[in-house]
Each structure stands twice: as structure tokens, then as C-alpha cells.
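Shared chain: chain A. Partners: chain B in the first complex, chain C in the second.
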Partner chain A sequence: MAFVTASLKQANWIRRWAVAACAVLAIWATGCGHKEERADLVIMNGAEPESLDPTIVTGQPDGRVAGALFEGLTRFNPKNAKPIPGLAERWDISEDGQTYTFHLRPNIVWSTGEPITADDVVYSWRRALDPLTASDYAGQLYYIKNGENFNTGKTNAATGNRYVKEDVGVEAIDPRTVKVLLEGPTPFFLDLCAFRTLAIVPRQAIEKHGDRWLMERPMPTSGPYTLEFWRIHDRIRVRKNPRYWDAANIQNELIDLLPAESANTALNLYLSGEADVIWDKNLVPSELMDVLKGRPYVHTYDYLGTYFVRFNITRKPFDDVRVRKALSLVLDKKRIVERITRSGEKIATCLTPPGMEGYTSPEGLGYDPEQARKLLAEAGYPGGKGFPTFNYLFNTSEMHKQVAVELQEMWKKELGINMELRQTEWKVYLSSQSQLDYDTTRSSWIGDYVDPNTFLDMFMSGNGNNRTGWKNPKYDDLIRQANQERDPVKRAKILYDAEVLLVREDPPIAPLFFYIGVNIFDPAKVEGVHQNLLDEHPLWPLKRKDGRTAAKAAAAK
Partner chain B sequence: MYFLRRIAFLVPLLLIISFLAFMLVRVAPGGPFDKERAPASPEIEANIKKKYHLDKPLLTQYGIYLKNLLQGDFGPSLKYRNHSVNDIIAQGLPVSLTLGVLAFLLAQGFGIPLGFLTAVKKGGILDYGGSFIALLAICIPGFVIGPLLVLVFSIKLGWFPVGMWETPMHAVLPTLALGLYFGGKVARLMREGMLGTLNSEFITTARAKGLSETQVLVKHAFRIAVLPVVSYSGPLLADLLVGSFVVENIFRVPGIGVFLVNSSLNRDYTMVVGLVLLYAVLLLVLNLLVDLAYSMLDRRVKME
Partner chain C sequence: MESLSPNQRAWRRFKQNRPAVVSLWFVGVLGLFVLLWPLFSRPAFANILPIGLTHSAVKGSDAQYSPPTLTHWFGTDIHGRDQLSRIMSGARVSILVGIVGALVSLVIGVLWGAIAGYVGGWWDGAMMRFVDILYSLPSIVFVIVLITTLEELAKGWLTQKLGANVAQYCRMLFLFVGIGAVSWLTMARIVRGQVLTLKNRNFVDASRSLGAGHTRILFRHILPNVIGIIIVYITLTVPSVILYESFLSYLGLGIQPPFASWGSLIAEGAGQLNPVRVYWWLIVYPAVTLVTTLLALNFFGDGLRDAFDPRG
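Entry: the complex of A and B
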């Protein structure tokens, strides 16, 4: 009898374990998502986009996807980042450079079939400027007549009324023609038209669904791709828009854009063949650059990005230009690019990176410790005596920290002054910087279009990105003059003079180096990932050279 | 009765938690709309704040939040402006839940037998070996074991994918990276519980009654010795279910663990409060279940 109960008990146990094991297997099998069809191209795109609304986006990874969905009147030539015709096939510019007349392509339609008209352009630009849209990048449209007035809610002195969207200098002459009035001749206006903030967005969907318009279906797009799905932190899948005006030349049917936080993971995915392209610099592990540099799939290139130090002009002793110059003159930038960044960065003495056609930056302050000590003594701190301990604000990152430590050492060794590291998380860093709650701080800037103005207007007195408290009326005047000047040679000279003030005569900043862009892809497999000054990577030129497409793979199955 | 009272108590507790989270995240310097690029004018920033009611007094803001919350709406994410917090949780939570349950089962399935064995064979080679393994599991953090697993099993051996979340094979390495550490902890708790119990008088009594060693260990000692593991399991499961920042990052798992950390770094106020509430509910409910399990395992514990 005892034997029987024991074996019954045993059977019970076995049954229980079997049930438990089945449950585990079931969770394992059902909870793990499902395998998506492999896209033609899988691209590691950078951080998770905050939005895909081109009017709203500020980040580069966001913009790359938004740019694939929505096109502007012009688009960037992927080889040199200069504007080429987009939704507009041609344009006329008035003699004074202040009136642009755009002629839309005759055959353009939304991905849902309705025609894209001049009214859509007017709507999109007014929306970008509308205070209720709250676009961070609305400033890109301030060059349009009354753009700033409408965006900032100014009152028209002549009528006593607030500026309204109808006052903005953009109008539809007929369904195919858009006339734009500018505040002044803006030599880079066609560049701005290719910038995502000015892309053409679907009124019908936005008015119907509000902030959720990107998540609703159908979602009309004006660009080469439509949004298949967007799963946050997982993937964005885009599908070719068969109604795009240049659809015949769009080769890929499906493209996946994957967000990733970890550079090592991105590289692992590339090396294991799960991803075909990595095109965000933040997804390339910088500590491996030494090893990676020589490999055939790693492509480095110059782009418009500068790493520099800001001085807080509103605090002593940095209100004294001699002090700022002294601190700048002892920076051994070569050491920083060779020992820390190591991707082949070029050292910087000016703010505007090289490579812009028709503009050469002035030579700023170089490396001259002797001169630096003299200046510091003149300012009343011989040998660093009496110089207060000051802080250097930077956001948490291994690279920024290493740079900070180098700077600390250089300032201590050459000038005998003490700097304290102040490392904070990103948001604290940003708010401290904009509230001028720092002595010196790590900074960087990436250009939005290929023109020196994208770097230089930042240091005008009222600019929200100035963040140094530096106000130089002469500088403000020069920048304003330059943007009124139609002759490119004269204009370049004026901008040059302005930059001389910024990096040589009255510097509020100390440039350290120019960024290097890094793309990872196998040129034998993928074509059309061009390296340009804006680090722009549109999806439309991409081609797979091995001819593998999702359609073919499916057919093969 | 006791459980009904506990459940009724959850409501005010969650209210207090939501209030604290709501206020505390706003005390931190910087805000959701501080960006590397300043908006073109201060008016733009004011407009954004107005849109999300951030221009109103804090208590009014909280009132608006509560009103929406009662309708099951956690509000829009301030960082990911086209998504609502509900969307993000709905997308990420099932993934984190799956990974969490798998890691939990691994931790228990690995920890309990290991702890049991090392205690029973105390002082023997099995004890030393087993305890060493448990200690190793505890000492190696996820950000070390994760990349190591990828290096060996994905890159060198090619058995498992390096990341992503698609097939059951994709779940193996993240489960190991997440579960092993807790398995080690469970093993140690189990071992200590077992050692303590084996010294108790009722075990001596059981042996004196002439029960077989297996019966003594499994039927009598185990029930009591497993109690520390049970009480640890509630918070452990809550922790595992809301995902892991490190493991989700390393394996690119689209769960909500990443948001747990990033939302507060981004000052994504609505997201922070939503996730805190989610975690609080999980923790409170699981603790309730733990207490229930206690009363079933140990008759000395009465639910009064």
C-alpha cells in the first residue's frame, strides 16, 4: 500500500513539473515577438527619434527618418549637401534676392493619391511658424517676411493688431506656384528649403488627428517613403512610396531604421549581418576607433561640427579678454585629438569648420604659452597668483571627462590656475549653460546648412544659443550686414571679419577640434551612403549592390 | 477581511506615491524642453509649456493629471511627442514582462536547487563548488556578463543572435544575463534558510520519529526554509517585470526598462510618474501575494 501511494505522489510531482515546464516554454515561445520579414536594408540610425514630424524634430536621427517621409521644395544633394530640386522643379529669384517664385512639379501627389498643391506649401510653412505648433526650429523660417513677427506674437504697429498667419510672406499664386517674400536677401534660402522644418506635411491628417497624426492610418507622405510602422525603441519600418515623383529611381521596397543606445550593440549587429549600415557617429564605439579605422567598412569624413569651450563673460575674471585669450593660448589641441578623440579629428582655432565653398575661416589663437603667461600677468594674475578657482561644466560622458582632465592639467601647468571639474547629467548641463550658471563649459555645434551663418549667427547678442553673455555690437552689425549682401565675395569678407572678432580679437570661446563623421557599411554591398558636410544621409539614393531585395527574397522562399 | 483591508489601503497609498513622484521629478533642475539648441525665441518655449499645462501652478497641474489618470490616461510623453505614455507602456511592458518572468523562473530554478543542495551537503565538495558558483553569479554585474555572453555564444560560437527581440532564441542570452545574478542571491537565501531550519527542534523531532531523510528534508524542512526566498520573490519579481536598463540596452530589447532610467534623465514628467505608478502597483500587489503564500506555507503565520 505504501508503495502505491509513493508512486502516485511521484506521478503528481512529474505532472506538476511537466505543467510548469510547459508554461515556461509557452511564455518563451509566445512572448518573444515574431520575426519580421528582413527589410532590403537595415540601418542603425541613432537614438530613438523624439518625433517624426519634420516641423517638430531637432535631432539628426529623427530628421533622417522625417526626411524620408516628407520632402521640401528642394532636397539635399547627398554628395555635397547643396540644394537640388525637390517638390519644386524650378524657381525664379527676383533681382533684389528677396522674392522667390517656386514652380512645383506637375505630377506630385501624396502617397494617398491627392495632389500636392501650392496650398500645402503655404499650410506647412505657416504651421511651422504658428506659435501653437511650438516648433523649436521655427527660427529657420524667420528669414521669410513677418515669420518672426507671427511666431513670437508681435503686434503690427501700423494696424495695432497682432500678426497673423496671413501676414507671413508665403502665398499660393495658383495650385502650382508659390511666391515667397523674404525679410532680406538670404543667400542660403534654398538650403533652408531643403531643411526638414520646411518640409511639406499633410494638412488633412494633421487637422484630423492632432499630435497623433503620425500614428494614424492612412498617413499621407510627400517623400520617397511611407511609414509602415513605428515601434518605439524597437524599429521604424518605411516602405517605398509608389506615388513619389521619382519612384522609378527608388530601389528599396523596405528599409528598417533601428534605434540603439549602445554603440557596442550596434557594432555587434553590423558584424553579425543583422544590420547593413551604421550611420550615426554616436553608434560607433570611439574606444575601438584605433582598431576600426583601418577596416574597409569604416568610412570617416569631415563634417560641419566643432567642439569648443565657452567662457562666461558675465563672471569675473572671464569678463577680461586677456584672461580668455590666455586660457585659449595654452590649449595643446593636438594632444587632445591624438590621445582622446583618436578618429582623425582636425584641430580647430576657428568656429566655422573648413570645407564650405567660398569661405575660408580666419586663423584664430594658436598655441603660445609664453604669450599666454604675459597676458595673464597683464590682467593682474602673474603666475596665476590671485586667480580664483573656477569650474568647467560638462555633461556626463567618458570623452568629455577626459578632455576636461586634459584642460585642467594644461591650465594648471602652464598658467598655475586651478579648474574644478563639474560633471552633471545632460538636462542640468543644458539648463546651467543657458542660465549662465558656469565659469567655463564644454560646447559643440553642428551646422544645419552649408553656410558660415549656421555657426556665426549663434553668437549674436540676443541669440538663445549664445550662452556666454557675450555682446559685441560690431559683431551683430557685421552678421546683419552679411545677410543683406548679395555679392558672395563681399559677403564672405564680412563674415570673415566677424569671425575674427569671435576667435581672435574678443573671443568668448576657445575652439578645440572639428568633429569627424563615421559611417560603417560595406561598399561592395551598399551604394549611395554618401559622406557630406552636413552628415545628411537621405534614403532615396541608397541601393543594394548585391541585388537582394525583400521582394526577391520572398519569391525565393 | 485582512486582504480586503490591504487592498483598500492600496488606493490612498498609490495617490501619495503619484503625488510625491509628480512633485519630486519637477524639483530636479532642467526641464523636458531644455535642448542643446535653444528655441528660436523665448515665446516658443512658453508655447510648448502652455500646451502641456506646465505654465499652471503645480497643484492645478496635478489635478489635471489625476483627472486624466482616473480615466486611465497617463498623458502624452513630453519627450516622444507623438506617443502617449499608455502607448509606450503597452508596447514595452509585454516584452519586459516576458523577459522578467523568464529571468524569474531561471533565478528560482537555478537558485533553489543550488541552495538546497549546498545546505544539505554542507562542508562537502558540492557545497564549496555550488557556493562558489552562486557567489560568482552575484559578483559579476549584468554589464559584464551580458557582453561576455554575446562574445562567447553569439560572436564566437554563433549559437544565439547578438541582440533584438524576435524569436525565442533571441530571449536566451538576455534571460541568462538578467536571471543569473538573482539566481545566485536566491541560492544563498535558500542555503541559509535551509541551514537554519535543519538546526530546529522540529527537524530533530521528525528524525526521531524515524522519517526518512528525504521526507525530513523535502516535506518538513523545505517548507520553512524556502520562506526567505518567498518573501524576497515579491520585490524581485516586481523588479524583473518592469525590465532592466542594462540588459535591455545590451541586447537591444524593446522593453520599458530603458525608459525607467531615461525618462527621469529626460525629465519626461508624465512618463516618470506613469512608470513609478506601474512599478508601485506591481510591488504592492506582489507583496500581497507573498503574504498570502506565507500563510499557506507556514501555519504559524495567521492573516489577522
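Entry: the complex of A and C
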């Protein structure tokens, strides 16, 4: 307000003093902040996590941290994301593939020293399924006997009682053995065991502190790291858990995970040496990819990820399938991948990305503005007349905004309808989606295991990740049927039929493109960042090659 | 020697102030351009005007990230939108917010100050202490809190009562009200000071003895005498409100897309600053336009002040 002060100095002296005092305070406060040691590795991790509770988290940035703190019966092989023994050292699978017996490692303990037992496993899984936990990912445990019945509060027809947690098909035979009964032969069950929702969480801490258990210290963890601190919008710092069963193979001591929503901020931090790794799909500086692609620190790879638009089926006019088809048919996806995302993404008409063994997705709706205008007219909005202005929800990110502006123009140009942009931060975005508080929204899905089911089962009516209000009984039946089927070829055919419903006949979504993974790190300095189909990057194999670690730096002081 | 009215003398003084006159011309031409801009993209003008003037601010094209050329004088952004037309349409928002914000502050400030000064006594003390309290609050923080806490509520209410088409202007409404509500304080002080000196003048006594009511005295006799200084101050408030809005937009709390203001254009351009490659035209042009306009408005306001009050 220099203009005001120039003319009316005396009137403004109070404000000036206030500003000066604030400035002095700010300088003093930063000056006092004790200098923190630099972590071995600083990683740009994406949006600020919604939670660190592995049972609750749904987003990728959140999941990476939760996965570092809590481990499941299996864990991901960092190179190819296949499940390898985690807290369980081995397991037996019955002939029919429906009974798993897990043998826990003898030496596993919480980071606070108490042993991890089979009871903890049973507790963790029942908690994930408990309707009171309200985990959006509870669907990952529906493959366990009575898992779905318990989670959705069904009544047992035989006894007339509601299903309770004791009915769930997981039991502790002895302190080191867990027996799991499944609903059907689930070929990807071991993959699921490595997934965060099935990670083992500390019963004592949760029962003692309730919802605040993540805030209490010490927080017992079952994974390779303990939580040092979580400062909102600053950083999450994790430290190697010396009591982890495989502590000898953890290649680092201290890791900082920085939240960032702007790709440019992340890149600037990397190029100035403040960060060592950038690995979130939202932190790809897409405008610069044409230049960056040739640089030695930029690594691109395929993975199972799809970018799509969800429609809110519970709101007019999106309850009309013709409207949804019309909106989908005018999307010029080629323009989006060539001009906005620019990393070599392939355009998508279906949800399940290519790369799944034994499964080929159906062709979904393509680009046909003529047909779209016809459908919209049939739905009662010829030339877009009378179509209400609707919103498009997306989380803060330059790239999402650019895609949104493109969509806005395509819909306006081809259909004459008006879309309004609604940009929110990550947490608001996630909660608006799950409460169906939007008209259309930007969405993405990354495979949790290498099987089409990880993309398709989320659109079953009861699934917490459905987030469209779409309910199609035929679709639900097909998915259930597929997971009872033992013959892989027949199973693929059933899943194919289901996906036809999802992307062609009654689409609640409009796929845009398949992601290309981009990791940014200098291979001469950092190793252990592996590129795999699931975009999984465990923290424990990360290693600084120049040997500079926090421990050494501290010793040198 | 010819006899001149005070206003004519002021105008003569103003004309001798070169920076102020140049600024007035600049603001005038810019204002004209901004007002006429939407007409330029009509087909009728396609052959008359140079092509660089005929783009639409919201329409994308295939010319992505084009540097300044003869077709796109100020270059284009990622969607191929012409930067010059974006700045022009951003100017509509920025200047509109500036003028309306200043008017809001004018109405509140003049009424508050005039009443406090005219009534005097206990009321004067209470009203001016209230102004002091508001002065001590960091005003930009006040606006931020106002927007973040009340916007969702207001938006829901507007959607319910007037429909989504009106509700999308909610943010702009909040900017008007919010910025206006924090920029009236100085105005109130100045007006009060003027009213205090004027209310004991002879002509006021005269009019009172002729039986004029308080309202009449205040609005017909006192305020017209303050009008000069009010105009001066209002021209200085406009640029400060524009700057407020740009600052809020830069933080992401101002105008939301698809609307753009100078602040949000600068924020977009600043997002492009990195060591790999810089699309300089995305930041330089909006920033230069903003700075030049603010400078011009301030020179103009200073010129007016000097002209109306040669002692100041």
C-alpha cells in the first residue's frame, strides 16, 4: 500500500509499525529455528497426505508413507512389485486355492519392542472391515470369507443375526500362525497382503488412544521405519526402525518426504539440490517434458495407471446415460496427451490399461462429436440448451488445471454446455469425491496388483472407491462371478463383459489416457528407485551412492 | 486578470503537471481499449484491424506457447490462448474490482467519517476508536479469513436462491465486499477531519439559522466542500485495491478460472519460472501491464491532489 502511505503518512503509521513488528518477529522466529540435520534422502512425495493410517489412506502419496511405517504379511519386491515374504516368512495354500495358512516370522516385534502376533493380524484385518472404521478400501478384504457381509452389515440368513467381526474368515491358530478362508480362489490374494489396507497396525495404541493414535508418541510401527515427525505442509520425516526384522537391509537412516502440489516447485527444489528424488505422478513438469526427456536424471516407464473423469450419477443431468456418453464422445484425447501431458501417454477409451497378462480391454467410446450432439438432443438438451452449468472438481495441480481448461473448451465448443472449474486441495478433493459432492471430477487409478480386478472391482455398487453413485447389478454379478472362476481364460472373458458395461454401454466414467511414469533422480547419486508396473517405490532399498548419510554428517560435526 | 473558479484553477495546475497528464492519457487509452476489446473479435472487424487485436481470450488454438509474433503480439499460453487478449480481459476484472472496491470504500468511508465528524462528542469518539481497532488488524489477513470461512456458505445459499449461474460470481462479490470493507478506513478519517473544520464555519451557521435540518446541512453544504479531496483519495484507492486483488489472486484466493485477472495471470506466469526453460512472455507482459497501470493511476491521483490542494 505504498501509494497510500506516500500521500497520507501520518494516518498510516500504526499499520506501518504493525508490519515492521511482524517482519521483525518473522526474522527472529526463523533465526531461532534450530538447524535441522539434512536427511539422507529428500523425496518430493506429492500432495500433503490425508492420513497415515494404512487402513484409511487411499491416495498414492499417503500410501507411500503408510507403507513405510506398516507392513503386511507380504511386501512388494521393489524391482517388479511382485509379493515377497513380509511379516510372514512362508505360507501354505490349499488345493482349491481358498485357504491360506500364513506362518509369521519368529523374530518380529513392534518398533516399541512388543512381539507382533497372529492376534495382531486378525485384529488389523477385522478393523479394516469394521463399518465403524469406514475404510474406503475395505473392498480389498471382500475376498475373505464374510468380509463383505460384515462390512456392509448384512444379516446371516442361517442364524438371523447380523454378521459380526468373529464371522470374518481369519483366525489365529497359534501366536505365529494365521489361517485365512476366502470366498473364492483369488489369484491375487498374496498381492493384496502386501497392500497397505491389509497392513498390520498396533492394536494397543489404537485401543488406548482411539482416533488420535497417529499423534501419540511413541507410535509402534510394524514396517521398516518409525515416524519421526509429521509437520503439515512442511515434511514427514521417517527414521529406520532398528527392530524391523530386515533392518540389516535398510539402505538409509533418515528420509524426508516433502509435500508439494506444484511440479515447478518440485523441479526447482530438485535442480537446486534441496531434493534428491521426485516420484509422484502429479509432480511431472509436463510443459518441460520435451526438453527434460533427454536428460539423464529423467526416467520414464509404463505402469498401470489411468486418468479419467467421473460423473456423479446421483445428480441431474448425469443420471442420464445419454448425457454421459455425449460428454465422453467429444473428448479430443489426442489433443490432451500431445499438448498438455506431453510425456508420451497413450490415449484411453477403457479403464484397464494394457500390460495385464491374459487380458485385453474392450474398445470404449471414441471421438464422435456428431453422435454426441445427437445423444444430447435426445436427452432433451439440443445444442446444449437448458443444460445446467456444472462443476468439475480437481485437486490443485498445474496439469490438472490445464486438462480442466481443455475439457471446458471441448464441452463448450462441441456441445454448447458450460462447465465451471472447482479447484481444491487434496484432502478436500478426496472427501468431496467420497461424499459425492461434485458434478464431474478428475480421477485417476493406479493398479494395486497386476490383475484387471484392481481396476474393475472399484465400480461395484458397495465399493468405497466407486465414488460415482453408479449401481449396476449386472456389473456386480459379473465381477463376483469372475472371482469365483478358476479358469483364467473364462475369467478374462467375464471381466471383459463387465468392462464393456463400464466403458461402453452404461459408462459412469470417461477415460482420458494411460499414465506414463516419470521419476526424477540422478542415478549417479541415488540408487534403489525401481520402476515397476504398480508405481510402487518402497523406501528401504533407497541408497545414496556418494555415501553421505545423516549419521556420518553428525559424526563429522 | 481574468477571474477563475477554484475548479478551473485546479484544472490549469493539473495540466502543468506533465507526468499526471501523460498518466491520464495512458489510463484513458487503456480503458478505451479494455472496453472495446470484446468488439474486436467480431467478424466485422476481421479485415479492418491487425490480426493481433482480434483474438478471443477464452478460445484455444493450435499455436501452443508461441513467443510474441505478428499474429500473437504478446505470445500464447499452453492452450494456445492469445496472451494480449488474456491481459485485456484480465484488465476488465482487475479494473472492475478496483473501481467497485473503491466505490464500496467511498460509500462506507464518507458516511462513517461525515457522521462521526458532524455528530461529534461521544459518538465521534466511539466511531473513530472502532476505525482505530480495524486499522490495527492486518487487512489482507482479514480478507483471506473472510473468503475462506464464509465463501462456501454464501455460495451454497446463492446456488439455492438464485441458481448456479449467479453463484459462480460469488468470489467476485466477495472480493468487492471484502476489499471494500478494509479500504474505507483512511477515507473515513480524512472526511471526518474535513467535516470537523467545516461544521463550525459561518455558512453552516447561516444555513442552520435559516432552519435547515441536519441531513440537508451535511449533504448540501458540507459534503460538496469535501468532494475535491474525496475524488483525490478515491483515485489513489483504485490502484491499491487492484494491487490487493492481484495479491489475493496470486495466492489463489482471488478470481477463479475461467475468469482471469492480472494477478492470476502473473501467478500463472510465475509458475513457469524454472532453470530449464522460461516462457518469459507469460510473466513479463502481465507484470509490466500491472506495474505501468498502477504507476499511472498513482501519478494521476498525485497530480489531482496537487492541483486541488497546492499546499499539500
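We adopt the following convention: the second predicted complex is superposed on the first by the 342 of 557 C-alpha atoms of A that agree within 3 Å, B and C clash if a C-alpha of one lies under 4 Å from a C-alpha of the other, contacts with A are read in each partner's own complex, and residues count from 1 in each chain.
Basically, a residue touches a chain if its C-beta (ideal position, glycine included) is under 8 Å from a C-beta of that chain, and two chains touch if they have at least 3 such contacts.
Model, not experiment: these values are computed from the prediction.
When both complexes are overlaid on chain A, the residue A:S262 reaches chain B and chain C alike. By the document's definition of touching, of the two partners only chain B reaches A:L214; chain C does not.
Look at A:T152: by the touch rule set out above, it reaches chain B but stays clear of chain C. Touch criterion met: A:S135 reaches chain B, while chain C stays clear of it.
Judged by the touch definition given at the top, the superposed model places A:L271 against both chain B and chain C. Contacts of A:D96 after superposition on the shared chain: neither chain B nor chain C is touched.
Greater residue coverage of chain A by touch, when chain B is weighed against chain C, goes to B.
When the shared chain is aligned, chain C comes close enough to touch A:V405, but chain B does not.
Shared interface residues of chain A (contacting chain B in one complex, chain C in the other): 262, 264, 268, 271.
Against chain A, the residues of chain B that register as touching in their complex are 28-31, 34-44, 47-48, 51, 76, 79-84, 87-88, 91-92, 94-95, 97-99, 101-102, 105, 147, 150, 154-155, 161-168, 170-171, 249-252, 254-255, 258-259, 265-267. For chain A in complex with chain C, the touching residues are 1, 3-4, 6-8, 11-12, 14-15, 18-19, 22, 262, 264, 267-268, 271, 285, 287-288, 291-292, 339-340, 388-391, 396, 398, 401-402, 404-406, 408-409, 420-421, 423. Contact residues of chain C toward chain A in the complex are 58-60, 64-65, 78-80, 132, 135-136, 138, 164-165, 168, 186, 189-190, 233, 236-237, 239-240, 243, 252, 256-258, 271-277, 294, 298, 301-302, 305. Residue ranges on chain A touching chain B, taken from their complex, read 24, 27-29, 31-36, 48-53, 56, 58, 131-132, 134-140, 142, 148, 151-153, 211-215, 231-234, 258, 260-262, 264-265, 268-269, 271-272, 274, 425-432, 434, 463-465, 467.
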